[in-house]
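The next part holds the structures, each set out as structure tokens.
Below are two complexes that have chain A in common, paired first with chain B and then with chain C.
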Partner chain A sequence: MDIFLQQVVSGLATGGIYASLALALVMIYQATDVVNFAQGEMAMFSTYLAWSMLNAGLPYWVAFTATLALAFVGGLLIERIVIRPVENAPVLAVVIVCIGLLVILNSVAGWIYSYIQKPFPSPFPGTPIRFGNVVFGAHDLGAIGITLVVLLFLYVFFRYTTLGLAMRAAAQNPVSSRLCGVRVGWMLAIGWGLAALVGAVAGMMVAPIVFLDPNMMAGILIYAFASATLGGFTSPGGAVVGGLLVGVIENLVGTYVRFIGTELKLTVALAIIIIVLVVKPSGLFGRVVVRRV
Partner chain B sequence: MTPRSRPLTLALPLVTLAVAALLPFVLSNFRLFQFTQVFIYAIALLGLNILTGYNGQISLGHGAFYALGAYTSGIMMDRWNAPFLTTLPVAGAVCLGAGFLFGIPALRLEGLYLALATFSLALAVPQILKYFEHWTGGSQGLVLSKPEAPFRLTLSPDQWLYFVALATLVLSMILAWNLLRGRTGRALIAIRDHHIAAEAMGVNSALYKSLAFGVSAGFTGVAGGLSAGAIAFVAPDAFNVFLSVTFLVGIVIGGLASIAGVVWGALFIQFVPNWAQDISKAAPWAIYGVFLIVFMYTMPRGIAGTIRTVWARRRVNVRSSPAKGGPP
Partner chain C sequence: MAALLRASELRARYGWTRVLHGVSFEVEEGGITTILGANGAGKTTTLRAVSGLVSTEGSVHFAGGRIDGRAPEDLVRAGIAHVPEGRGTFVGLTVEENLRLGAYARRERARSDDFERVYQYFPILRERRRQVAGTLSGGEQQMLAIARALMLSPRLLLLDEPSLGLAPLVMREIFRIVRAINRDHGVSVLLVEQNAAIALELADHAYVLETGRVVLAGPPAILKQDDAVRRSYLGY
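Now for the complex of A and B:
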């Protein structure tokens, strides 16, 4: 029983990270109807920026805040410069452009920072916290906490601010929103900026665990995809629940199903994605989108 | 097609073929290997282009079928000492079946979701390959011996492989051309352009889509099998997600929904990274990315499509020049 609880707890911890990246994916999808394949690499690149600043001697939280600001501006610029020309193009074109972005960010990071793994500090103390027989890593708890704070912030932003309302309107019905005076193009850009910011949080939370290198996000991205699919691509709350669930499933399956172990972890994510897409394509909490023909 | 252009459209491929047939006797072994690789890539791209270019289903996971083909060939040669040539149809058939089966759940996925599912397939492949260590040799991979030319032909192994790859490519292109120019091709394109309208016209969308997946995977599998022979080595880490992305780059650069375009695409993905490597280890991918994005903006129909457009415009200009007094 203790092993079970322990696995659930550490599953929740990794799940928190999947959840934050999934949240970023869902935000871009909701705001722009694009699944951003470059999301993981954007997060990775932001984390490298944070690493540079920490290396230059800035205190952690200053670097953290500065990275979030840079990530926001970066996401904004990427939308304006790279994504905007294919805004109304077929899905294939958008996917190809995102893949292009993915490989550019990946190779530029490798070019600048080399492919050698770098340690990344955690803002939380290294001592584990005990509840009975179950041990929590302080970093894991912190990561979950930060994910929840980000979720709360987003909820409040989208629910109670004029800008959030305008963004939701722009995504749902661009023509009518434009007629009401909402600048739809800029709403999309802000959506990308926010998603880059959330991705940067995920990157900085995951880097202390997996170490920093240009390919660190590949595995996490597929789990984030699995989480977003499980929770439903139309539901931010669903993405968080999906992320936590996927984290727990991953750990439990790895512990109790012997032939899977740690070697087939990515395959578990693949299986989750395919099963969800086949059985319930809208995910657990997603809306079924009805399209008029 | 006008009667005047007919000899030219026939002559151009024939001349290209003749030049290609002479290359092995003038090039060094290394260059020859590179061109063999170009043909192999071209076959794989042809497969992907049938699916993505003609049928509009996005696959970011064709590296998986390439790997499956390579391992089918590799294991047959390694375990049962099967002759290289007999492994190719088997690799194709295995991938055809696997592709058809993967195509069935893929039916429910459109656009982005399919891209997602195939992308995760591509990410998971190296792990799956390493897991079946007994068959695949784990992360060490399988070391094969280079297939020799049969029938006492006086060709070096490299020259023999070159001709095998060339012949397979020509055969695949003829097959694909025959498949795509008639009823089937029209059905595939109709599904891509408007699947509801296509179904209303009586096209069995589900069947054609999963068939397209199967055929596409089959071609790519044959290419994988060829690569196992040409490189004489298969290892899981060669089939990572970037291989699938490379294929995508190839068809976008060469030209979506173009059979001739796959050769351009294959030349690009074979030679451009080599040149870029001189700048930096990371440069090939940066260049790939930039090319992907720039091509999507400026030449969405790729090299082949652009050549066709320019050619058509020139012909129109030439024909109308006596009346209009030449192009402006």
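Now for the complex of A and C:
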């Protein structure tokens, strides 16, 4: 029972990271109908920026905050410069642009920082925290906490601020939004900025676990896809629940199903994607989109 | 009275298809002008040209300044509220959020008395304010669309076929409210309609549009006497 509880908590910690990245994917998907394949690499690159600042001697939380700001601006610029020109192009063209972005960010990171793994610090103490017989990693608990703060921030932003309302409106009905005076293009850019910011948090929380290297997000992105698919690509809340579920399922299966272990964990994500697409393609919380023909 | 809006020689096309062939009309300050026409006459395009959603040749003057070629986002800020064809409801947002968006372009934030004013015209929206707008009936969505435009405190209200798909009673109610808004707040109205009978009752000036050209213009009393108008639009 103790091991079970430990595995659930550590599943929630990685699940929170998947949830953040899945949420970033869903935010962009809802606004532009595009799955941003470069989301993981954007997070990886942000994490390298954090690493550079930490290396230069900045305190952790200063570097953390600065990274969020840089990630936001970076995401915003990527939308304006790279995505904007293909805004009205067929979806496949935009997908190709995103994949191109993925390759570029990956190569540039490798070129600047090399492909050798680097340790990345956790802001939380290394000593485990005990509750009775159960031992939790401090980083796991901290990562869960940070994820919750980010999610709460996004919820409040989208639910209660005028800018958040305008962004939801722009995603839903661009023409009507323009007629209300909403500058839709900028809303999309801000959406990319926020998605990049959320991704950066995920990157900085996962790096202490998987170590920092240009390919560190490849697997995480697949988990994020599984999370968004499970929760539903049309539901931000669903993506979060999906992320936590995937994290826990992955951990429990890895612990209790012997032949899977840690080696085959990623297969679990792919299996989830396939099962959801076969059984309930809209995901647990997604809307079924009916198109009139 | 001076013209608040003056459009002259508007020409527009979608791809290679010309839709407007030089349309000219005026809306007087504080007045209600209607443009009548059948499906495909170019009514919606005319409104979209005024609010900047389609690019046109020709000129549009509003409140003394030239506005053609300007973006809809800017024209909203100048006080032109466009209630589009199909109502443009944000179906996934609540009624109140829809109304908040209506006031988005205003310099000052929407206050509770703005909501009050709107709810006085449309009491049903007050009851439904926490409801998701997609669950409203067609008539209620049309009311919401006009209410959203009203939140802007506009100088000019562009209405695109508000009667479409509504029960006669609901339609009468909506036109009564449009008249009240016009009278109470001096909001000028440009109304595009297929339902000529009710539009001619409301308006103080009318144009008839056929395949992208104005074929008739004048006060409603005169147009009602016109044989062609009676046969084609009034049905008697």
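FYI, the second predicted complex is superposed on the first by the 293 of 293 C-alpha atoms of A that agree within 3 Å, B and C clash if a C-alpha of one lies under 4 Å from a C-alpha of the other, contacts with A are read in each partner's own complex, and residues count from 1 in each chain.
Here, contacts are C-beta pairs under 8 Å (C-beta built on N, C-alpha and C of every residue); 3 or more make two chains touch, one makes a residue touch a chain.
Fair warning: this is a prediction, and the values are worked out from it, not measured in the lab.
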item	value
Contacts of A:A66 with chain B and chain C, given as first, second, both or neither	neither
Partner chain in contact with A:L266 - chain B first, chain C second, else both or neither	first
Partner chain in contact with A:C180 - chain B first, chain C second, else both or neither	second
Comparing the two partners chain B and chain C, which touches a greater set of residues in chain A	B
Partner chain(s) touched by A:A166 [first = chain B, second = chain C, both, neither]	second
Partner chain(s) touched by A:V210 [first = chain B, second = chain C, both, neither]	neither
First, second, both or neither for A:L102, with chain B first and chain C second	first
Which superposed partner A:V134 touches (first chain B, second chain C, both, neither)	neither
Residues of chain A touching chain B in the complex	34-35, 37, 82, 85-86, 89, 91-93, 95-97, 99-104, 106-108, 110-111, 115, 218-219, 222, 225-226, 229, 263-267, 269-270, 273-274, 277-278, 281, 293
List of chain C residues in touch with chain A within their complex	51, 53, 71-73, 76-77, 81-82, 84, 88-93, 97, 100-102, 104-105, 109, 148, 152
Chain C contact footprint on chain A (complex, rising order)	162, 165-166, 168-169, 172-173, 175-183
For the chain B and chain A complex, residues of the former touching the latter	52, 56, 58, 60, 105, 108-109, 111-113, 115-117, 119-121, 123-124, 127-128, 130-131, 196, 241-242, 245, 248, 252, 256, 280-286, 288-293, 296-297, 300
